[in-house]
Every structure is written in C-alpha cells, then in structure tokens.
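What follows is chain A paired twice: with chain B in the first complex and chain C in the second.
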Partner chain A sequence: MKLITAVIKPHKWEDVRVALESVGVTGMTVSEVSGYGRQKGHTEVYRGAEYDIALVPKIRLEVVVSDEDVEAIVSAIQASASTGRIGDGKVWVAPLDSVLRVRTGDRDDAAI
Partner chain B sequence: MTAPERAARTAEADALCARAYTDSGGSDVGAALVAVGGYGRSELAPHSDLDVVLVSDVGVDLGDLAHKIWYPLWDSGSKIDHSVRTLPEMLTAAEADLRVASGLLDLRHLAGDPNLTLRLRTTMLASWRKDAKERLPALHEMVRSRHELIGELAHLSVPDLKESEGGLRDATVLRGMVATWLVDVPHVDLERCRLALLDVRDVVHDTAGRATERITPEMWADLAQALGLPDERAAQVHVRELGRRLTHLSRLAWRRVDAVLARPAAVGARRPSLEPVAAGVALSSGEIVLDKKARPAEDPVLLLRAAVAAAERDVVLAPATAARLVRECSALPDPWPAEARQLLVRLLASGRSLLGVWETLEETGALTGFLPEWERVRLLPHASVIHRFTVDRHVIETCIEASSLIRGVARPDVLMVSALLHDIGKGGLTEHSVAGEPIARTIATRVGFDPECVELIALLVRWHLLLAETATTRDPDDPATIDLVTSRIGSVEAVQLLGALTEADARATSAKAWSSWRSGLIRDLARRAHAALDTGACVPPIQSDEVPIPPALGVDAVHISVEPVPEGARVTTIALDRVGLLADLAAMFALQRSTVRAARVWAQGDHGVSVWEVAGADLEPAILRQKYDAILDGRLDPSHRLRPSAGAALAPTVVVRPEASEQATVLEVRTADRPGVVYLVCAALARLDVAVRSAHLATLGPQAVDVFYLQEPSAGALSETRAAEAAHAVREALTGPATTT
Partner chain C sequence: MTSSMLLDLAPLVADPTGLDSGDTAWLLAASALVLLMAPGLALFYGGMVRSKSVLNMMMMTFGSLAVISIVWVLVGYSIAFGDDLGLGLVGNPTQYAGLSQLMSEDSNGDSAVPLILFAVFQGLFCVITGALVSGAIADRARFGSWMVFVSIWTLVVYAPIAHWIFDFSAGDHVGGWMANNLEVIDFAGGTAVEITSGASGLALALVLGRRIGFGKDPMRPHNLTLVMLGAGLLWFGWFGFNAGSALGANQTAAVVFTTTLLAGAAGALGWLGVERLRDGHATSLGAASGLVSGLVAITPSCASVSPVGAIVMGAVAGVFCALAVGLKYRFGYDDSLDVVGVHLVGGLIGTFGIGLLATAAAPTGVDGLFYGGGVDQLGRQLLGGGAVFVYAFVVSGIIGLVVDKAMGFRIDEEHELSGIDLVIHAETAYDLHATAGARSGSGVLGGSAASREEER
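This part shows the complex of A and B:
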C-alpha cells in the first residue's frame, strides 16, 4: 500500500479529480494549503504598495492506494495537473505499514 | 398544539401532584408543594419535566414526606425535577444563583399551605425588585454569553427554540425584567410571540418524540402541516419572525435597563432632556426621537435622518418614533432627493450599529416603505451550508464588513449600495446575480444615482461572484483569465469596488469563505486585473472657468457671491491668491456650519477663484465675509475649533498620484466626512508653503473623497520628497491627537 500526496495548482483540482475518477479512485482527502517550492515567494508592487507573495496557494490531495495502482494514478495526476509552467506542483509516494477502516475494522488492502 | 392543550396537560399534572401530596399525608400548614419554571407558568410541552419544590417553614419537620410524594410521581411515568427546601433556603439559593431566582419568579401553588406559597412568592418578588439594580448587569452578562454561544433563532440553520437569542428563555428573562419594575416592554407583543413559540415547541416535542428544542431541517415540513402553514418556507419564516421580534424586544429592553442603570440619582423633578442632533431629530435618554420642530408630513427624509442619527451614535431609534414616521412621513419622491441618497449610504456605512437600527426599520414596516424589494430576501434561508445567516441578515453583515473597506475605493456610496443589493435576486429559480441585476438597476435609479453609477451598481451586482469563482477555478497565469475578468469589469474603479464587495461578501458569509488561502487567490486575481486596466489617469482634470474679476479688490478683501441651486447654494469667492487662502475659506464654511458637498478651485491671473457647493440655501454673503475677516484678523481660531477628534474608526488614506498630472502633484485624500476636513488639509499644506492650485471635493455618504492639485509657490510640481512630506503632514492633520492608553 502507498500514500500518494500531490500538491497542485488550485484551478487544476477539478481536472485532477475527474482524471482520478476515470482511473478508479473513489475517495481522497483534499486540503487548501499554502507554500512555495522552486518558484520561491516574491514581492509585487501594486499601486505604490509592496505586497509579499511569499506563500502561494495550492491544493494538497492525499490518496491511499494498492501498490499495483500507483503508476496509473501518478500518471493521471501528472497529465491532468500540468500546465507546463513553473509552480505546477509535486507528487510523492510513500509506503504505508497499515490501513484500518474505522467502521468495519477491515485492514490493509481490504480497507482501501 | 395550542394553549388549551398546554393548560390541559398542566391541569392533569397539577391533579397528579396534589393527589400525591394528599395521599402522602402532606400537611395544610407549614409545608407546600410548588411548581417552578415552565411548569410554574402552566406551559408544559408534551415531554417537559415537572419542576417541583417541596417547601417548608423553618422548624417544620417533613419526615419522609418527600419520598412519599416523589414515588407516585415517578411511578406515573412523569419526568420530575425535584428538590426539598425550607423557605430561607430557597431565598438563599435564589440570591446565590440568578437561574434559580429567575425560575422562582414563576412559582405556583400546587398543594399544602397556600399561605406559605404566597409568602414565598411575595418575598421572592420583593427581593428581586430590591436587588434588581445590582443583579441585572450580571443577568445581562449571562444572557450575552448564552447568545454568543448559541446564536440567533432568526438566523441559525438549526435553530434552538429555547436557548438561542430570541428564544423562549429570552422571553422568560424579559418577564423577569418587567417584574423588576425598572423597565417595561410591549406586553401584548411579547405574549403573542411567546405563546406562538410555545406552540412551535409543542410540535417539535411531538415530532421528535422527546424533549428537544432544536428544529432540524427535516422537521420543517411537519411543523408547516401542524401549524396550518402552506409549506416549509412559510414555517421557517413564521418561526424566524417570532425569534426576530423577541430578539428586538429583548435588545430594546436591555438598552433601557442600561439607560436606567447609567442614569444618576434624580435630584428634584426629572424632565426629559432633548439634545438636538439633526433637523427635527433629537437624542433623549439614549434613544433617537423627534423634536418639537419635526414636521413628518412635510419632510419625507426625516425617517432616514433619524435612522442615521441613531446608527452613527450607536443608540436606539425609538420604535415609537419609527412607527410614527412610517404613519406620518410623506413618501419619498421618485427619484429620491440627494439628501435621502446620502443618508441611505451613511446609514449603510455606519458599521455594527446598523444592525439594531435596520431591525427597527424592518419591525416598524419602514423598510417596506422605501425598499419594498427587501421582502424578496426577508428571512430567506440560504441554500448553501457555508452561510451563517439567512439572506437578509447576510446582506446587512456584508454592509457592516463593507463599511470598514470604504477607504480603499473611490466610490464608497456605490460600494455600500452594491453591498445592500448584491443578493437581492435570491429566492427565485434564475441564478441570483442574473436576477438581481435588473432589480438593482431599478432600485439604484429610484434612490437617485446618476445613470453612470446605476450601471456600475448593476455591474457589481451582476458579477459579484466573478472574482471568487474565477480565482479558484481558472489559471491566474493564463492571460485569458485576466481577459475574462477585464472584459466584464472594464475599469480600475470597478475592479477596486468588486474586490471590496467580494471581501465584504465573503467575510459576512463565514470565516471559511475568507480564509487566508482563499483571500490570497482572490486578491491576486484582483491585482492582476487592476494592473491590466490601470492606464494611470483616473483623477478628474483641472477645470477652470473664466469669471469676471471685480475691480479694485484689496489685498485682504474677498468677493463672495451666493446663488441658490436645488437643495443648497453655490458660493463663488474671489480673492488675491496666496498660500493659505483656501484654508481660510474652508474654515469660514466650517465655522458657519455649512456642509461643503463639492468645491473647485483654480487660479485666474493673480486671483484665486473657488466655487463651493454647500447645503442650506440661507447663506448670506455678508455673514460669510464677516467670518472670513474674523479668521484673517485672528479673532477666530479655526485650528482649535476644527481640530480632529481622537480615535476615528477608520484611518484616512492620503495618496500621492505622481502619474496623474505633469504640472502639479496630485494628492488624493479619503477620510471621514466631518466639518473642517478641507480646512485641516489646506492648513497643513499652507504650513509647508505648498500652494493648492485646484481641488475637487466630493462627499460620498460618510466619506470625503478630495483631490488636491499641489504646486510650489513658484509653480511646478512638488519633488518626490516634498510630496511625501505633504502627504505625511495631511495624514497627521486628519488623524488628530494620538490616543493614549
């Protein structure tokens, strides 16, 4: 089992959701987050006043999947979240020791 | 579910209690069984507890009487909340706990010694009255914290009939306040609402099958059917209206309590004092009322003037005054006069105190008179769960939020009216911003805005969701996204207004709707749209007419002429130009208490010419000249009399606009409209030896928006350093003395 975490541009969330549904992902956790990566924060001048754009708004989504589905899902996220411009985001995959479905007590793959 | 059914339930419970007392061998002397709380008021709902107390005189031994009474009551299946106390213990408990005291105010004899019950009741009430002045502040604090915790019955998505603001507990508290004899409330109204809410609670108990006071969404249909109302919406409006009315009565009663408690002990005969605050309007005991000069039948603007006087001072608009104005004021003409439009904007921009005044206007039917479209959104529930309030309350909250953003926009009047109208299209099947646009256009036209402003208001209503929707769903780096916004909102002015309206709307919706994440996206989009539209020239051009200069005008002389215009006068002044001339003229008007609506200033040869649009037609050139001479001679000191007050709610904004003109430095000032603003600005500039070559003054609701064209006395724009100095001096002059803590 793996945890796939993706940080994407907010306006791409709808496209990514549709793409994930098409590869069979039926549930995920979505958060509104802020941060910066290689693009860094920057300062803009607006009507004479400086605005600090240090943190850029992003969407973070998390999906728990079986090992065999990882590649298809990562590819679906990459294809649907990409604009080709800086700040498109990141996707990372981490191994999971255990998963439990609270309602039924199902464990691991049965709980996904 | 009606009062007779509650009475029948109570009678049945009374018989049960009386039988239990008698069967247990309860004495007719020295002991009594009494009902308290809701049971004491004979208002048992289907699943209410029976609140009973077995009370005894000092020295009377009850033995195991209590157990003998409670067992048959428990066995009957009733839920009882019981206690056993002596009479002094009851008084001590009531003194120690306001909740106990409040419950005991409604105690009622059930069985035993009726004289003991009567003595207890009389002692309780006497003690309540005696200590009222000490206890009411604590009761108010308790009520306030309950309101903060629970919310308002009128606006909660899952209303609590008992504990919320405007609920049954507030009605009981109101009865307790009346029992102090310190204040009075409209009894008929209070009882009507209270009984109607009890009817609703009976249905809720029956529907839920248990003692609950919360109306969950699925209950509305059952409520409508049981109360004989056509549908769920009607049931919601019915319950929320009752809550709103009780909230209003409660706030009014607490204001009156505060006034009574704040009043110093009377010395000699007490006469009502009337402090005049506006034409026909006076302040009396913390309430706005009419003075004896008021002529409602001849003054259609009086209602709005009274409302603004109340809102801007954060005091009550006396409901009786509002009701009289509704009955007697002639209808506003269509379109409204400028004074009415300005007053509406000032009312909307009055901040948090708008809420109480608006409720009074609604309660008394005044709103229906000047804004009949309000009925569309009144008590309308929101479809989306993100909203905290019903649509009408959301709109007022939006106005309150917008009032703190007016310094950021060039047209605060347009912002405030757009905030009022942004959701006016809700309640139908068409998308509400589409439905709202023509309604907003009709209202703005009636309110008397010029066609350009009417279109701006309609545009803002139509696209009030544009920034929020686009910012979260479109790529801000894509030029097409910015094009989408700018193609709809075609000017810098409109983008600024839309940014402020979006922020106010979101803040009024819920904290989640204006999280730092969401606001960051929206502000970024507004900034990009602004940059795309900003061509740098959006200040009014210098306008200078040629006026004939009177011959032989002395060095210190001023020529003043007054010409009447609709709703005021146009005053033209001509004098030899000098640094400080404009400050002296502005002081002349301010000390004459003339409200300056607009002014233009220009130099014509050696002379400074100014044209002032002022309110009030009864200006005498000779009197103005006397004031001017007195200022010039030093007999009148405007710097003292017109100094700014400390601690203004919103700080002024003073911005240098270097791009606006090549010949002069343009200074844009936005500040609270008050007498002497122009004087303070001009005097600060004169002290720096800066000449004002032209000025455009406008008052838009509560905000003065003034543009000054500045030059060095030797002509030419100010250097960057001098311009910054000038802006700093003006800001300091307008801010007033710093508040110390």
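This part shows the complex of A and C:
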C-alpha cells in the first residue's frame, strides 16, 4: 500500500479529480495549503505598494492506493495537473504499513 | 391617551422658547445618524486590519464612543461652546459642565433647536474624530493607554479646536477666533474633524513607531466585505453629519445632502480611476476609501459649492488621496489605515478647495477664486487649516509621549506578532474550526480556556 501525495495548482484540481476517478480512485483527502518551491514567491502590487509574497496557494491531495495502482495514478495526476509552466507542483509516493476502515474493521488492501 | 392628555397641558404655560419641531426632529435623527458612523467606522477599520487584531480595532472605536461621550458632557462641551475666556482660544470649562444647565427650555434662548441636543450632536462629532485617530495605530496600542489618550485629547485637542471653528458669537456670547475673526468656512468639520484626526493620527503613528514587518509584509485587509459595509454606513451617517450641521430641516440641509451624495460618488470614481491606470485593478478597498475621501473633502465645503462643484471636489479628493496613501512608505511612518492619506489630505483639499470652488449661490454665500471671489477666502482657509494641523499634531504628539512615558503605549513585540486581540481582550474575532471549544482561539493550537485560566 502506498500514500500518494500531490501538491498542485488550485485551478487544476477539478481536472485532477476527474482524471483520478477515470482510473478508479474512489476517495481522497484534499486540503488548501500554501508554500513555495523552486518557483519561489512573486511580487504583488496593492494600494500602490509592491510586496514580495513568499507563499503561493496550492491544493494538496492525498490518496491511499494498492501497490499495483501507483503508476497509473501518478501518471494520471501528471497528465491532468500539468500546464508546462513553473509551479505545477509535485507528486510523491510513500510506503504504508497498515490501513484500517473504521466502520467495518477491514484491514490493508481490503480497506482501500 | 394618557400621554396626549399630559401633552395637552403644556400649552397652558406660554412657550418661552422658539423651538421649531421640524428642526428639532431633524437634528435628533441626524444625531443618531452620526452615532451610526461609529459602528460604521469600526467595520471599516476592523475589516482593514489582519484577522488577529480586528477586535482591538473595533474596540478602539467603541471605547472612544463610550469615553468621549462622557468626557464631552462633563467638560468638553463647555470648553468648546462656553463663553470665550479671551483671544478666542477656549471656552469657559465650567459653564455647561455636566449639561444640567441645559435641562430647562428656558436655557435655549432663541435657538430653534434645544441646546442640549446641539451639545450631544457636537459630542458625537468629537467621538468620530477621536475614533478616526485610532486607525493610525492599528495592531499595536495598549487599550488602556488609548482610552487615557483619547480622553485627554478630547479636552486638550478637539474641544479647543471645535471652539475656534464651530463656536459662533451671538448676542453677548463670544465664540472662537477662526469662526468669528478669521472667518474660515468649515461647515461640518474639515478642520475640526478631518485635519485634526489626520494630524493627531500622524503624531501618534510617530510616537508608537512602525508595526513589525511594516513595508515588508503586505498586511492586506482581512475582510473587505466588512470594509465595504462600514464605508456604506459611514456614507449614510455622513448625511446626518453634514446635512445635520445645518441645524434645521431647511434648504441648506437639502443642498448639503445633495453635495454629500455627489462628492462620495465622485471620490469613489476618482480613486478607482487612479488604481485602474496605475495598478491595473479597481479594488473594493479603493472604492471604499475613495468614497470616504470624497466625503472628507465635502465635509467643510458641503454648503459652499454647487452640485457640480461637489463632483469636482470629490473627484479631486479621490485622485489625490489615492496617491497620498503611498506617502507613508516613502517617508516611513506607519499610518496603518491611512488616516493621514485620507482624512488629513482630504480635509486639506476640502478646506482649501473652498477658497477655489465656493460659489455665492451656495448657502454660505461666498465666492472662491474660480468664481471671481479673489484670493481672500483662500487665504483664510489656508491659515485656518494650517493652524489646526500644527496645533493638533504638536499637542497630540505631546499627549502621546506623556501617555507612553507614564504607562506605555505599545504592546510587547511577542504579543504584536501573535495578535493583539487575544492578549489585550482575551478574545478572537473568528473561531471557525470544528474543535473551537477546545481552543484558546490563538489559532496556534493553544491550550484550553480552562488551563489558561489556571496558568494565571
């Protein structure tokens, strides 16, 4: 079992969700986050004054998947989240020891 | 029925006064409108600060409303409208102390409105002026120190200036030097309210120093819907402020009502035009600030210009105030919510603009330079506006320094960073998390309210 975490541009979130549904992902956790990467922040002008904005708003989505689905899901995220411009985000995959479905008590792959 | 029978008894005693019920009714309503400007300003200012200091911002306005109302009735009104003690500088501070002298109808003389109502109406002007000052020191002032400052300021700064500019001599009553000797035109408070609040705010901003991160962090408004609602309430209240200053339900009030509407509208357009050309966006903060700028400029001039003159006055104020709010970055003073850029600059534009745009066809009956009146009135306006600026700036600065020395005016750096609301008022404005009940509200996973209590 793997945890896939993707940090993407907010306006691509709906595209990514649809793409994940089409490869069989049935659930996910989504949060609004802010941060920066190589893109760094940007400058903004407000009320006539210019500011450096360090943090850029992003969407973070987390999906718990079976090992064999990882490649298809990561590819689907990349295809749907990409604009080709700086700041498209990142996807990373981490191993999981155990998963539990609270209602039924199902464990591991059965709980995904 | 009972009450009307009681009222029927009144005519048995000959009415000793010339009270006019229409005028009195309008001034009662106008006074309530001016009071509404206080919560309006609290929303306007409260929305403009960051979410960690919105309650403190609103409390500075509500605190001003509470303390100034009382200080004004006890002594302030007498200093402003008591018989002059000489040179037109201050009124007799004991003459109407406590206002009980104005309880009887006999005290009204030949006034068409009750003097005690006039006193309260004027007191609410002082309230809004004091509350305006607090915008210059957002996020960082100790509440108790603010309350002490604004009480002293009422008596030493506002009341004397109100005496100079609003207290007209009549009969054996001698008033202030600007109204009677210099003959400055200031219908509703471009000097006493706008220039005074701006100059006092500038002085306090310098006394308290810059907020941590000023000029580096954006410090954008946390809730612009509050700002726009507040601006709308201010505009609504401003009709009481300006048209109420006619002290009657009459033609002057109607003209002033019209110019007040138009200047606010033109101010919003002027500011938005600058933003659109300079920054590429017409912002909601710009619309709110712009309409207030226009209203500030029309405050002294509302009875002196034509409707078209009001549009020019408002638009000019909107444009110049939009440019002026950038000055604090150039000169490095942290006038947090632009009291200087909007109220001082707008007040100066309105006060000086009378010298240019006044028309004798308007209620004050004086021609400015553009209407062939020469530079006479412009000179009076420059002198009056300049004197008020210098006096308010210097004396407010001194009071601020004394309060700072005596009790400390600024909160700790740590508290300023974590947010003034929680440390000063033990509250936060917004608690939107599902786990709210278990939080102290600091937003950084603080302990429960109970455990904080024990720590003390």
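Assorted remarks:
Convention: the second predicted complex is superposed on the first by the 106 of 112 C-alpha atoms of A that agree within 3 Å, B and C clash if a C-alpha of one lies under 4 Å from a C-alpha of the other, contacts with A are read in each partner's own complex, and residues count from 1 in each chain.
By our rule, a contact is a pair of C-beta atoms (placed from the backbone, for glycine too) under 8 Å apart; a residue touches a chain by one contact, two chains touch by 3 or more.
Computed from a predicted model, the values in this text were never measured in an experiment.
Number of chain A residues touched is higher for B, counting chain B against chain C. When the shared chain is aligned, chain B comes close enough to touch A:L55, but chain C does not. Legend: residue contacts after superposition of the two complexes on their common chain; A:T29 is shown touching neither chain B nor chain C. In the superposition on chain A, A:E14 makes contact with chain B only, while chain C stays out of contact range.
Applying the stated touch rule to the two superposed structures, the overlap between the chain B and chain C interfaces on chain A comprises residues 44, 46-48, 51, 53. Every residue of chain C that touches chain A in the complex is listed here, in rising order: 215-218, 220, 275, 278-280, 283, 285-286, 322-323, 325-326, 329.
Of all the residues in chain A, the ones that touch chain B in their complex are 9-12, 14, 32-34, 44, 46-48, 51, 53, 55, 57, 83, 85, 87. Remark: chain B residues 472-478, 515-518, 520-521, 524, 527, 530-531, 534, 655-656 touch chain A in the complex.
Of all residues in chain A, those touching chain C in their complex are 44-49, 51-53.
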